[in-house]
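In the two assemblies presented below, subunit A is common to both, partnered first by subunit B and then by subunit C.
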Partner chain A sequence: MPLFGTKTKSPQELVKSLKENLALLPNLKEKEYKKVSEEVSKTLQSIKTLLYGTADQEPATEQVAMLSTEMYQSNTLPLLIQNLARVDFEGRKDVVAIFNNLLRRQIGTRTPTEEYICLNHSVLIELVKGYENQEIALNCGMMLRECCRFESLAKILLNAPEFYKFFEYVEVSTFDIASDAFSTFKELLTKHKMLSAEFLEHNYDEVFMHYQSLLNSDNYVTRRQALKLLGELLLDRHNFSTMNRYISNPENLKLMMNMLREKSRNIQFEAFHVFKIFVANPNKPRPILDILLRNKEKLVDFLTRFHTERSEDEQFNDEKSYLIKQIKELRAPEEGES
Partner chain B sequence: MEEEELVPGSDLFQDEIAFDQEELIDLNPMDIFDDDGDLHDLVIHRFESDQVVYQPHRHKVKLIGKYLMGEILGEGSYGKVKEVLDTETLCRRAVKILKRRKLRKIPNGEQNVQREIQLLKRLHHRNVIQLKDVMYNEEKQKMYIIMEYCASELQEMLESVPSKKFPIWQAHGYFCQLIDGLEYLHSHGIVHKDIKPGNLLVTNDETLKITDLGVAEALDIFANSDECRTSQGSPAFQPPEIANGLNTFSGFKVDVWSSGVTLYNITTGKYPFEGDNIYKLFENIGKGVYTIPDDVSELLADLLKGMLAYESDVRYTLQQIRQHPWFIKQHPRVLERVLIPPRQDDPEDILRSMTVIGCLSAMHYGNDEAGQEEDIAMVSDYQNAISGQDAVCANHDHEELKGNSGQNIVVDNEHSQASATAPQANGKSKSKKNSKSKFSSCKQS
Partner chain C sequence: MSLLNCARAANENKTSKKKPESKPLDAQNDKSLKQKNSKSDQKVSNEMSNQVGIQYLPICHHYELSVVIGKGHSGSSSIFLAKHLPTASLIAIKKINVEVWDRELSYIQNEIILTQQLSHPNILQLHCSFVKGHELWIVMPLMAFGSCRDLIHAYFNSGLPEQAILFILRDVLLAVEYIHQRGIIHRGIKASHVLISKNGQVCLTGLHNSYNTIQNGKKLRKVHDFPIHSVDCLQSFSPELLHQNLAGYNFKSDIYSIGILICELANGQSPFSDMPATQMLLEKLNGTKPKLADSTTVGDFIIDDDGNDDQPGTTQERADVIFFKRTFSQNLHEFTSECLELDVVKRPSATQLLNHSVFKSIKNRPSSSLPSLLQPVTPLTDLAKVPRDLSAEEDDFTRKMSEVSMQEDWTF
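And then the complex of A and B:
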């Protein structure tokens, strides 16, 4: 029993107080708002201590179990995310800590918070929308990436219409938010290989229509990151059919050829790693072959002078000479054969 | 035994002259011999071998490029693995020293090494060993492959305990990392083909690293399937389709099978299939009949059955493994962790501390003893080089005196070799400028 201060609240009381105060927040005027907001932060801190324990005290399993059950039953999680912007700075950090702790909680083979969110998609959607508010964007990003660890949650996120909002978020003018959004975006597309492979295959048109805008972005960072991720996605064996589809479209080839001539050498270099797949493809469709044939001389000439200072990079040089050889040997198919 | 770091005789002294400071500095205190023309006879005639081996441990300072050499970590069929310190970043590393002469004797040896380097350069994952640098010494016909430092390997840890297995929770931790690493390899179209506890390294912070891609196969990015035709992996870990000699088989499912045998092995201490010789073993694998010990939990048994399914079509995929309850389950930490065993040559050193420390202090403060003693110590180094032991190692190996008896003979052998190399060595010193290119460092992109 502590000598000073009030008796510690039970998990149920903590969640109840949190829920009630959160519900009040949207309709309060300044002075009262401040009071309730402080109360919320205090409660969040207690909850966090309960979950994480202190330096000399481990968290008590029973208390943690009671708290989580109460959180699910009272539906406090969605409320917490909805009102995140109304919580003060330290309080938001505590929300992230609490949310991620609950999400990681595991009983045997079960992860109850994951199961809860699967039934309450709104939590995920709210988190995605959090990117629209500068104040809470990074907090939401941290929680989203924790969600991405679960295949079931990643699946919900990928298949939600809100997923396409990421194509806007990665381009926002605030650099740290754009990069945070990009890392979440990348996580979603690469973490669960089979899941994202299926997603890309089934939503090819829509995804790549949006993706095109990233590759054409005015923002250098976006363009470069998007191009790099594109190369990674196409070269991942799980995305085999997506790659085949991508490299059969002459528009994509034209885009890459233009990017090879971009001002930025870094972009040129990343473009090379996508361009090489078009050329190396042993079964080039006619339109692709036609473009390559039409530009044969120019391409050979261009590639010969392309990034010659990278003499240390054996792999790059091997690939480059391979491409030059391939292009030199290109022949138009006999008439009637195609 | 063969000489390791030092080519007999003259080379020791030529190093100082021939190697550019930046590229290889051999700080062995041999300067006084520099003016001496005919060293080999002098040294060999003056000292008996038994006089020199008993010298106290001396740290010989040897730099290969920017890497300061430490002690031997292990020995493979291709050559030794030593601990090194990157003197620029102060990172602990391991170097695999390969000798072309040895490689030639192994079928596909050189090819396998080149392929492994090519593959590793492209890979960056927490659970796949990271290649840091590759250096060549054309003159000595040696190749130095610098990699991440790992404290131990699963096999060594298993052998250090009587039960030859890990507690379930510890095995689970390694297995999850193995699947992560394997998924990464597969996503890059690489079939490892030799997954086994001996090829899984562990760092001090318990991170597992898949190593030895010597027999791995990179699929063509346009290949429709993961069909493979050859396998050179370890027999006990091969699936029925290989044991039965099928012409083609799914590569990824081979890795799943060997991971299954690995999981079986690290959780039970046994192998699902055994045999007195490779024919018997393959016969047993080919039949596909095995038993799972009774004390294996139902969940684990179910996962093992899925991974060791006879037909590769129904064998689990990595995704199925990930979704399996045993994989997802949090296993209670009931039994004590199996620790990384102490170094064999120093049972006191339970933490496997850095072995380059001595060399480091020798490099910066020099060796304390002076005068006469130093002379002998130097010769001791030299003898070690001749007798074919690695100087650093031999100095340290107090218990390994068995090399002693045969030393005279060895010296004789090496004597002729030393004389034979002498003219060549003299030539070297003249072409001092050319030697700059001896170490061509190839950085990863």
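And then the complex of A and C:
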């Protein structure tokens, strides 16, 4: 509980001061800018302390409630995100802490911040665009992933045209930003199974057209992560119809077969986990079957020698033997079908 | 005086040419004196501020690798001395071959992302990082004296002088104070994670084991998580972290590790390093406090020859002689003992330790005095003086050869 005294500002005063100063920031020049920016950071720090408590004090519930209500009513949250790049280095981290705390807030079964953002989509879109600014990219990433926890917010993000920007962000040359963007991207596609299954099904063409560029990326880490995620997505039973569509396309099979023979053993291994679905499919379309038949001997030979050092990985070895057996037994339909 | 001066120096660091009003005895270096304050976060070192203007871009051909100057992550990363070609300045590049890296990719990603969120003169910053082929390149400032472990290897087999330890300790505590205020527990403080620049600036690194107590919009007051990939750090872990019981641990765990660090710096060898991990655990839980080896404590030490590769041919007598000859201040002994306090509540915080009287003797002295205390060890400042070591590149070559595929193409 904050001590009573003239120095402590009430939650309302804190939010008011924050809002006023944030509104000033875009139009100020150096000297005044610095002054106001310092004031913003100080306020952010007080708000953070109010929400998180200190080493010996738990946060006070009434204060937290007053603060959050004031944040929604005064529409300070969107302003905070819009001006994130104008806040100083330490202040930005406080913004993240404040944002994430508010987002987790519950009143009974209600989550008021989630409800608020549902009505104010611009916050989410601003956060996504934050990846374009090096200075705030990682901060925005942290807030976005927190948003992804909520199905309603994830849905808005997936269905926004800005979602496709992620395919660029995960490939930027700065490793930390690309990595961060990828984990948000992955979270969006895997966190809420039903939601993402539906999304992938309805947007199959557009998503996989973009996804293709990740699998062909010049950036080894992007390629490897994208391939791994592809395997996870296709093998998730929620995504059954997406998987069926994917493994019916001979171009996809060719890509995986080529990736099986990439120089990188990790890529080979991840490709194996996608390739196996093509082979295990009991109803292979004709073009898929033809490719497998044309390469039957080579595949058996290749798989027999494939990653033989993984002798301790039982599941992998079982799967491998199964694939070899399946491929050996492949017959062209004229003879194979009874 | 120093508080006022310091605030001004931090604000007007570049332009400030005014002469300081009141001067302590050693006034020859007034620039650094102005910047110096034992407790202030705002201590801005020259080299850091000089680098502010330089943009390090994630473009591979901006950097020219020279030689391996160190290893990291239990040997799976190499640190190269390198040149930033646009400015011809020396930097360090950590190279990790992600293809043969046996840990989760997220492990290194988290370390980089976390480090990018920290900005403190005593925490090693990362200029940028990018992927080149199968490798991840991380561009960092060159810490020309290497790590404290390197110093011990190079010359100070039986430990560093007390004054040097104090300078190192002060900077490490400032770094730890900073991360603790931001809710992060380091969980890997040890001599090899403490680096020194050519100007004597001390930087803490090795954040891959660190833990953020601010999670899910809440601040955890106790932590139970045991760091993965931590075999190298076990000796420096606190008893409560190792204990893994319901009480958990908190920031104070790092303070215990600082106690172990002082012993490592002072004795040239980490305490408990001569025993199996299980015995170390028992000793720690029983409250055995490691000590600094000097004339006052020499009776407590049994020097084990086999356990100490740092001193080829060292005998019990030689070590005894060194330890007999020196005496650490009572202050430092007490300081160490406080850090290693078994009772977490009694163990002081980083902020409290920064006010400890042990730092009085270096109160008005900037870190730039540190290099002179490290003689005869000299910093790595000249590319030409470094012996060429091609082992790393050869590694790459042999790997490439083994990767060449010998099979014919698929028929599509």
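Here, the second predicted complex is superposed on the first by the 328 of 338 C-alpha atoms of A that agree within 3 Å, B and C clash if a C-alpha of one lies under 4 Å from a C-alpha of the other, contacts with A are read in each partner's own complex, and residues count from 1 in each chain.
Just so it is clear, a contact is a pair of C-beta atoms (placed from the backbone, for glycine too) under 8 Å apart; a residue touches a chain by one contact, two chains touch by 3 or more.
Just so we're clear, the structure is a prediction, and the values are computed from it rather than from any experiment.
J.: On subunit A, do subunit B and subunit C fit together or clash when superposed?
T.: fit
J.: Answer with first, second, both or neither: which of subunit B and subunit C does A:S173 touch in the superposed model?
T.: In the superposition, A:S173 contacts subunit C only.
J.: Once the two complexes are overlaid, how big is the angle at subunit A between subunit B and subunit C (Cα centres, nearest 10°)?
T.: Vertex subunit A, arms to subunit B and subunit C: 80 degrees.
J.: With both structures fitted on chain A, tell me whether subunit B or subunit C touches more of subunit A's residues.
T.: Here the partner covering more residues of subunit A is C.
J.: Classify the contacts of A:L102 with the two partner chains as first (subunit B alone), second (subunit C alone), both, or neither.
T.: Only subunit C; A:L102 stays clear of subunit B.
J.: Can A:E312 be said to touch subunit B (first), subunit C (second), both, or neither?
T.: first
J.: For A:T304, using the defined touch cut-off, is the partner it touches subunit B, subunit C, both, or neither? Pick first, second, both or neither.
T.: In the superposition, A:T304 touches no partner, neither subunit B nor subunit C.
J.: Report for A:Q73: first if it touches subunit B alone, second if subunit C alone, otherwise both or neither.
T.: Neither: A:Q73 stays clear of subunit B and subunit C.
J.: Identify the partner contact of A:S241: answer first if only subunit B is touched, second if only subunit C is, both if each is, neither if none is.
T.: neither
J.: Quick one: smallest Cα-Cα gap between subunit B and subunit C in the superposed arrangement, Å?
T.: Superposed on chain A, the two chains' closest C-alpha atoms are separated by 6 Å.
J.: Residues of subunit B touching subunit A in their complex?
T.: 118, 121-122, 183, 186-189, 219, 221-222, 226, 317, 319, 322-323, 325, 328-330, 442-443, 445
J.: Spell out the residues on subunit A that touch subunit B in their complex, using ranges where they run on.
T.: By the definition above, subunit A touches subunit B via 106-109, 111, 151, 193-194, 235-238, 243, 277, 280-283, 312-316.
J.: How about subunit C: which of its residues touch subunit A in the complex?
T.: My answer: residues 58-59, 98-99, 105-106, 109, 112-113, 116-117, 119, 128-131, 133-134, 136, 138, 182, 214, 216-219, 403, 405, 407-408, 410-412.
J.: Which residues of subunit A touch subunit C in their complex?
T.: For this pair, the touching residues of subunit A are 52-53, 89-90, 93, 97, 100-105, 138-139, 146, 173-176, 179-180, 183, 219-222, 224-225, 254, 257-258, 261, 263-266, 291, 294-295, 298, 302.
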